[in-house]
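The letters A, B and C name the chains in turn, as written, and every chain counts its residues from 1.
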Amino acid sequence: MTNAAAVPAPSSSHDRVGFSLNRVSVIGVNTLTEAIRQKVFIFLLLVGLVFIGSAIFFSQYSLGEQEQLKVIKDTCLGVISVISTLIAIVGTAQLLPSEVENRTIYTILAKPVRRFEFLLGKFYGSVLLLVLSMAAMCLMFGAVLWIKEQSMIRELSQTYLGETQAATEQANQQIEQVRIAVLDVNMVKAVLTDLVKAMLVASVTLLVSTFSTSLVFNVAVPFMIYMAGMLRGTAVEMWSSHRLAMAVLAIVPDFGLFSLADDINLGNLVPWAHVDQVIVYGLARMVVIVVAAHLIFSRREI
Amino acid sequence: MRIKILIAVLLLGAGLVLLPLENWVRAERTRLKYGGARVSIQLREAIGQNLAIALLAGMRGIVADFMWINGHDYWEKKEWLRQYRNIEVVAALQPQAVMFWDLGQWHMAWNIGYGVLSDPKNRTKAEGLKREHEWHEKAREFLERGIENIPNRYDLYFTMGWLYYEKLSKDCDQPPCHEAFCKAAEYFGKAASFPDAPQFVTRFYPRALEKCGQTRAAYEEWKRLWFLDHSKVAQSWNIIEREIRELENQLQIPNDERLFPPPLP
Amino acid sequence: MDAIRTEQLTKKYDLGWRKGRLLALDKLNLHVHEGEVYGLLGPNGSGKSTTLKLILDLISPTDGSAWLFDVPCNNVVSRLHVGFLPENPYFYRYLTGAETLVFYGKLCGMSGSSLKQRIEELLELVGLTRARDRQLSGYSKGMLQRIGLAQALIHDPKLLLLDEPTAGVDPIGSKDIRDLILRLKGMGKTVLLSSHLLAQVQDVCDRIGVLNLGQMILEGDVKSLISDQRRLSITVQDLPDDARARVEEAVRSAGASIVSVEHPQTTLESLFLEALKKDERGMGRHD
């Protein structure tokens, strides 16, 4: 021990402790730094990146340009959707249990920190994790598309250009179509709704983890809820005449609404207004679920 | 206990409140022709358990792509019926995909058609032809369903025109069958009427008209194309000029009415 | 004004269906005065940790109330002036010592150069300056306990709650922590520590309370509690045998009785510390 003089620390004697976004963000950033060091997160993200990267090699299946691009886009957007959902579940499931297990929750809640700030901070951390990992996957996806575009254009111009005028014209039109398909801004809509979906899945997982400490339970239940949510659209159509069935179904969010990638890749019209509706739906569901999580967590004995 | 009830009521209430928005989004989707065939039991049997699960996980596109790529095996093994069924399932999975209708009919009319035509098991040449015609018909019927699903794009009209022009025009007692070319012209005309149709599509319409026997109409159409704004439309103008010259000779258009009169002697 | 005050503080745990309830804390009336070091003693499961958790609002009481500096414990304001070191803390394993303190400092609304300065002071105070940039996953148990103490002190609280601060720590570390507690007392801090290692709290606590099965069974000033006014022990050095006989004679003639005569034994702890002090390579600590 050394002889440190007792220098008075900054006084914190204002006698009101309001809700502080600053504390939420401190806890969120800390949650993120913890999470990106988790092996399971790194593993999931690597699997996603490898799958997306390997889409470059699809050309071996003697498909045309449009086919190849469709396969690449379907696969990459599918991988982004699946991996982000898995990261949402696995990354969120252990947040509260590990805090209790490491007793860090005691030290944090013993400070002038509200429980809601803590819960929101944890959730913010998972959202940051999702944004970060999806950004990484999108970058990889962009690189794959760019490489593919370059090689297709090179191939098309070598094969057709200069042969006859009609062939040149057709090649130019095909190149133009490849360019349009690669630079399809609509894919942003698919990624955006996927992000909202992953956030909603994370909120469901957070809710489950406020009353359960079993990691298996915290992973399995949100996953089942997710699958049920994917099936909901079909179920609603089947049972629309049963009031009770509809009421029970209403609890589960309709995760099927967030799948826009297929339509976008088919060139179907997906107006922004429609995307906005889906996002509003997802965020509204999410807010309600986080409030429910707060109601449980604020009363939880730790 | 009270809190559990409160939370259940909260979640249920929010779900019910959001139900109209949900239904609205779904209705909007149907209106915009999103999604595809419902996951019926037949479809689930057709695609197998694992793919059905992927399908339920919202990865219709990937399932369709995967099955499509798998279909190449059937083609290589000359298992025509299996390949045909596979094409049908893929198209049912993503009926909004131009690619599957387009390439599906191409497989039937061109690849399978040639396959059965040159099948060594045919006892006579006529049997081979008969079998080929059957596949052309299958392709046409398949493509008709495609057009029903995607009526608002030029692609499948052009494909249908091409199917009539190249294949169905051989399916009569004494080819070339003019009727098939007239049908081709009808579809090419429809395809060319879409503002986003590529320029080569517009040139197939007068070509088919000519083969249908409507030479005069073909000539008028070529002329119409020629008078489009050359500075705005990226067209192969010299091809059109060549066609017009040829038809002006064929129709014996008086020199002073010709767009491209012959050089003075 | 008491630093800690509880009135009829009671906590029952549901054990599950048909198994009834466990009475973890039974009508505890605790008063910890400002500036004192209070030791909450008792065997495992006696209610020590429950008391601390109730005070920090980590669990809510079945009955009764608690106050910190007269602020009800269920008000977040009550935690402005309290620092807490949980039993066997782990913290975020991937953070370094300094990063850990930055995190807790920011949670307390501190930032910038004042936080930086505070962290340096605390690292020095708990003797972790050299280990500041090492990840906590590489810290020993004693080091974790000390960084835990530092985080509890980050916002300079008036009151410190230490749950088993010396449990699982080697004698040197334990001695360090006890020295630190005494220094904190010197700075005017109030300290409440819980322990089941009685010998270790003896030299630091002003007052102690003993809990058993959720009830306070003994409370008082340490010195008066453990001194036996009827008995007196005198320790002498180099006493010849004949002189000893005369001493015994004098005792008897005064009407008193000799209870025992023995060579005083040093405690194993002081023997251990003495031996390490003599080791020329220094005290056994790598930080």
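Throughout what follows, contacts are C-beta pairs under 8 Å (C-beta built on N, C-alpha and C of every residue); 3 or more make two chains touch, one makes a residue touch a chain.
This structure is a prediction, so every number in the text was calculated from the model and none was measured.
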Using only Cα atoms to place each chain's centre, name the chain farthest from chain C.
B
Judged by C-alpha centres, the chain sitting nearest the middle of the protein is A
Between chain B and chain C, tell me the centre distance in angstrom, where each centre is the average of that chain's C-alpha atoms.
81
Report the inter-centroid distance (CA atoms only) between chain A and chain C in whole Å.
46
Using mean CA coordinates as chain centres, what's the chain A-chain B distance in Å?
36
In chain A, which residues are in touch with two or more of the other chains?
299
Quick one: in the complex, what on chain C touches chain A?
53, 56-60, 76-77, 79-95, 103-104, 106-110, 114-115, 117-118, 121-122, 124-127, 129, 148, 151-152, 154-156, 161, 176, 179-180, 183, 187
Which residues, counting only chain A, touch chain B once they are in their complex?
61-64, 66-67, 70-71, 74-75, 77-78, 81-82, 165-166, 169-170, 173, 227, 230-231, 233-234, 236-237, 246-247, 249-259, 261-263, 265-271, 274, 277-278, 280-281, 284-285, 288-289, 291-292, 295-296, 299
Please give the residue numbers of chain A that touch chain C in the complex, ascending.
1-2, 4-13, 15-17, 20, 22-23, 26-27, 30, 33-34, 37, 102-104, 106-114, 299, 301-302
If you look only at chain B, which of its residues touch chain A in the complex?
3, 6-8, 10-12, 14-16, 18-19, 21-22, 24-26, 28-29, 32-36, 38-39, 56-62, 64-65, 68-69, 72, 94, 96-99, 103, 153, 198-200, 234, 236, 238-239
